[in-house]
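You will see two complexes here that share subunit A, one where it goes with subunit B and one where it goes with subunit C.
And then the complex of A and B:
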């Protein structure tokens, strides 16, 4: 299984969503499964949540997967109350993610 | 293929613009532009005011150019906005002439009447900046929620068991055990509890944006802060209350509420919203400018010939519901909640107002109510009227319905309360209520499905207080106990308020069980007040609209303290869901029209087939013939239903009742006896034991017995 990851900074919102979305789509375009490393991220805005789900749906349309890694408590909470958590398979660490998938 | 009409034609202070689309009203995204559209019949000029998020001063004010107007609508598209970080409002210019009904003031920045996301008051009870030039702010909403397979559930209304609840009261209590207290997410956490209780519909008290600081004050009695807790006072008709979302501080209340609805649906629970279209939070002549008053006062409000506000709502103003444009707004709002939030039904607060014309007179065929009854998008949405208003119009049984509208049956509440407390003058009325109030709903093709039955609701005593207090105790509301209903038909069972006397407490529990029993075995949709299932008390306060504290919040410790009540409610609800014969849609015939040996429904007295045989007008029995009702998808077993016999003795002495003889091979089994201590008071449906004496049952003082007639195993 081909996997490539992208490392997110502290936030995912309307200021950087385009850059993140482009990077994730580029990974999928290559035919790789994409992993978003969110370990450093402590805030995801409404736009950010939509980038995640968009990437997930784009991956699915290509027969690929999209995984999330390293939620902070704040991000986990937002994902939970807005219902976005139910769409994703997630892992606590990159190591756990790679061990599970490989 | 790209559209060719999405290129800017104008530029203003660096922002690219184009003439907008007049419809739909509000702010919508089109490609990389936001389309702003606002209606005002009497405004002469309009300006779009844009802020960066949470900034006090706008970064630009854009006039609507002449070519951006069509009819009485101002619309423009603004390109390349980072719309997650934009807040918008309008300035309206026009005459200020209250005698003519106009109150335009271009110094005010106004909220869009169609705002779908309102921020600025994101954390409950946090003092806002009272000097802000624009306190409630509209944002552009994402309307792309992923519902997957969810749709409104369309459960037949007669199969619902409605649970009337308040977002904060439900989980703010210290013992609620949820992480996100007082929010939509908090309700989500309690879904397993709702499922255990067995209700299949929650009715949320108002969740549209409102101002909890309206009439904010300190109680002169106990020094507590008083808020507008209930929220019957709208700021916006399209936006959820931000402070009801744990994610409101991030502006994510829309997603959080939609997620709650989706999760409730996934667990078989419908969602009804309590909507308040009779007035707004702008108050009377002295109230604030939030939106409507400054956008188009004469359109939105019912005004006296001198230009003052009519006050049929008791809240300072009255929305001009039968003005064609306001009517459109109401219809749009309801459609939006159904299509975008998958809401299953609405309960209309003080709905009689919706049938008044622009001068306040009641109409015989109010166009708004007719529009709603025939609306295509609302075609299967439950429409429930609180069929009275504060101006003296009382329409229970006569609310214009077109066969679509159900009503809060206030007469059910009054009759059942009186019967339970031992009133000897109410038997005939109680009989009507038990069979789905044919005296009120047999005409106009309405049927049993028009009746929403309840004994308690947010207005008035909780069920435990109904049996613990003779009089209201609203002193803490700071109005010298003048507020709240005086005529409660309550009885304290011998002592006002809490007591250690075991006989009084036993009787109170018994009376609570009598009430829920009558509610669950009566024809019509039952509504339970949240907290009654655990014996919640408001300490005698029958109008806790301002008590954002332990008075109104559920005390979840009561679940242990009153475990017998919770168990009884749970089994009674399950019983109703298992017996289709309790959930008819149309009125009963009282005859054996299919030749099954017994009528579909029959009255009895203490002697079988002799309804006149009784004591003091306080005894009554009836039997439902299960062969007239087949099972359905609400959990009832396959095949014809059982016979159900209910014997009620509201007399203070014990009486023997003779149940009717069953067909050969069947026997009476006992399901419930409110006169017995727990756990003998009620059995798990399906496990009811056969009774020894099939000819006579003894029903204790102030007790109800339910028997099931089925083949003995």
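And then the complex of A and C:
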């Protein structure tokens, strides 16, 4: 199973959502499972959440998977409040993610 | 041209070009004139030298003719002398005859060698001379006047041929400048027996040396020993030792010239005369006497015509330059006039008159091309302005439409809550400030029976798409709460409707509550929204010390998935408590340094105000104060509900 990851910066919001969305779609277009490495990220806006949701839907439509890795405390709060933590498959580290999936 | 105008030369192209052309012309012409002048002066010198030589030649010819007359006269009397050698006294008559026949001769002697006539002694020299108009005779030789030792006698005797003496002053006579022709009378064996002399006054030369007509020049004669004879107003002047004169020897050029003259050469020489200033000396040999003749003339006289011509030329040159400058300026000005018009046209265009008139260009040159480019620019500007106008109109229309859409959106939100006269249980106030014209935040409430249905939500994304989803969600909420009581049923129906055909993955964080007014029992469902805050009852104005998040079980936002089971929570509001709901536009309001307003500041500023309106107004002010000049990044929506029981 092919996996490709995308490293996210400090934020995922209206400023960079298009860029992140394009990058994730490009990975899925290649037929790879996409992993969003959120280790450095400490803020996800509602626009950002939409990107995650969109990526998951696109992956599902292609029979692929979309994973999130490395929630900071701030991001974890956001994911908790929105209930997204139960909706997405997530790993605490990249290593754990790769080990599990292989 | 006035001075200020001259100083503006740098600003005017016409003036600059004229200046360059005139300067170039001046430089080129000056160089040409300089070279031309060299040849002209050279040719003038040559021409004048030829002229002077001619004059000198004629003077020489006339002098020679006069001298030859004297020589011939002397020779003509030789036979008579020979015939009377045995009759010495008759010889007086012969000298007398010589004078009578030749007015030029002022004295004549027949000086015999010593003891030729033994009875006459050592000296015998019959001599005739003029005294006034009379001619007198006497015997010249004596112990005082020992002619045998004199130059003229000894030279003729030793040379054995005729000879003209060097010029000399006749000390015995009237202090006259003279020269003497000496002829050796020889016997059959060729021995000199006597020297026949004829004196002539050099004054006789005077008129020949008068060359005043030739440029006020004066002539002079240099004898073979270097005696200098010239003519002055007082008559003739003789300088015997001309060659030793310090004035001559100190001037190297002059000395050189004198040598050439003595060598019998001809030529000319520039000379700085103490009396005449810059001068030229032209000289030719006077071969008959072995002398040299010269003419001195002033350079100013020599070049008089040249100076006149040069002055005239200079004047013409200046006039030509002035004319050239004038014509050039006029011509270039005429050429550049279209440029001025272009400049004016450009100014007009800059001021907004795109149809500014361009100059008529008939020449097929750079101006024509400029005209072409300029009119293309004009046309292009006109069409672009037209395009811009259309774009602005379109933009204005869209802005107008968005403004109308915003009004419509605002009108969808609930009006201010007006409680019934006897009902003091509720105070509700909601506020929405959009970041753009239309926004994706929503809130609503409905008082039906003894239940208060309320909600707040935030559609992901911004602008028109979010606004459309907001409107759709709001109407679904109204629709659902108007006839349904069960929160779970209501929220499921809204979620399903949202998921239905949600191609763009829009989702809505949504909080909905149903407050049972008699009991204060609150049923609610939080679909991914910020947790509302509960402010407990305390004195109005004091900081809300008892402020806590409404505990809520997390649910996914609406529109994410249609098979989500939404979990409903339950909470009993204490009397006087205020429920504060907000969207992330509040906690995530950003200042200029990208710092967020945050949950802490929210709680710090959350006061139990007299009314919900005041609470929200204060919060709004706190946010505005925090954000200051930074632009609003997200829609800001707040809803406060106070339950008085």
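Annotations
Definition applied: the second predicted complex is superposed on the first by the 102 of 102 C-alpha atoms of A that agree within 3 Å, B and C clash if a C-alpha of one lies under 4 Å from a C-alpha of the other, contacts with A are read in each partner's own complex, and residues count from 1 in each chain.
The criterion applied here is as follows: contacts are C-beta pairs under 8 Å (C-beta built on N, C-alpha and C of every residue); 3 or more make two chains touch, one makes a residue touch a chain.
Here the structure is a predicted model, which means the values were calculated and not measured.
In the three-chain model built by superposing on subunit A, subunit B clashes with subunit C.
In the superposition on chain A, A:50 makes contact with both subunit B and subunit C. Once chain A of one complex is fitted onto chain A of the other, the partner contacts of A:80 extend to both subunit B and subunit C. By the touch criterion stated above, A:6 is placed in contact with neither subunit B nor subunit C.
Among the listed stretches 438-446, 492-500 or 546-554 of subunit B, only 546-554 clashes with subunit C once the two complexes are superposed.
Taken together, the two complexes place residues 14, 45-47, 49-50, 53, 80-84, 87 of subunit A in contact with subunit B and also with subunit C. Within the complex formed with subunit C, the subunit A residues making contact are 14, 45-47, 49-50, 53-54, 57, 80-87.
Only residues 82, 84-85, 142, 144, 146, 180, 183-185, 188, 245-247, 250-252, 255-256, 258-259, 262-263 of subunit B touch subunit A when the two sit together in their complex. On subunit A, the positions that touch subunit B within their shared complex are 13-14, 45-47, 49-50, 53, 77-78, 80-84, 87.
The part of subunit C that touches subunit A in the complex is made up of residues 458, 460-462, 504-507, 509, 526-531, 554-557, 560-561, 584, 588, 633-634.
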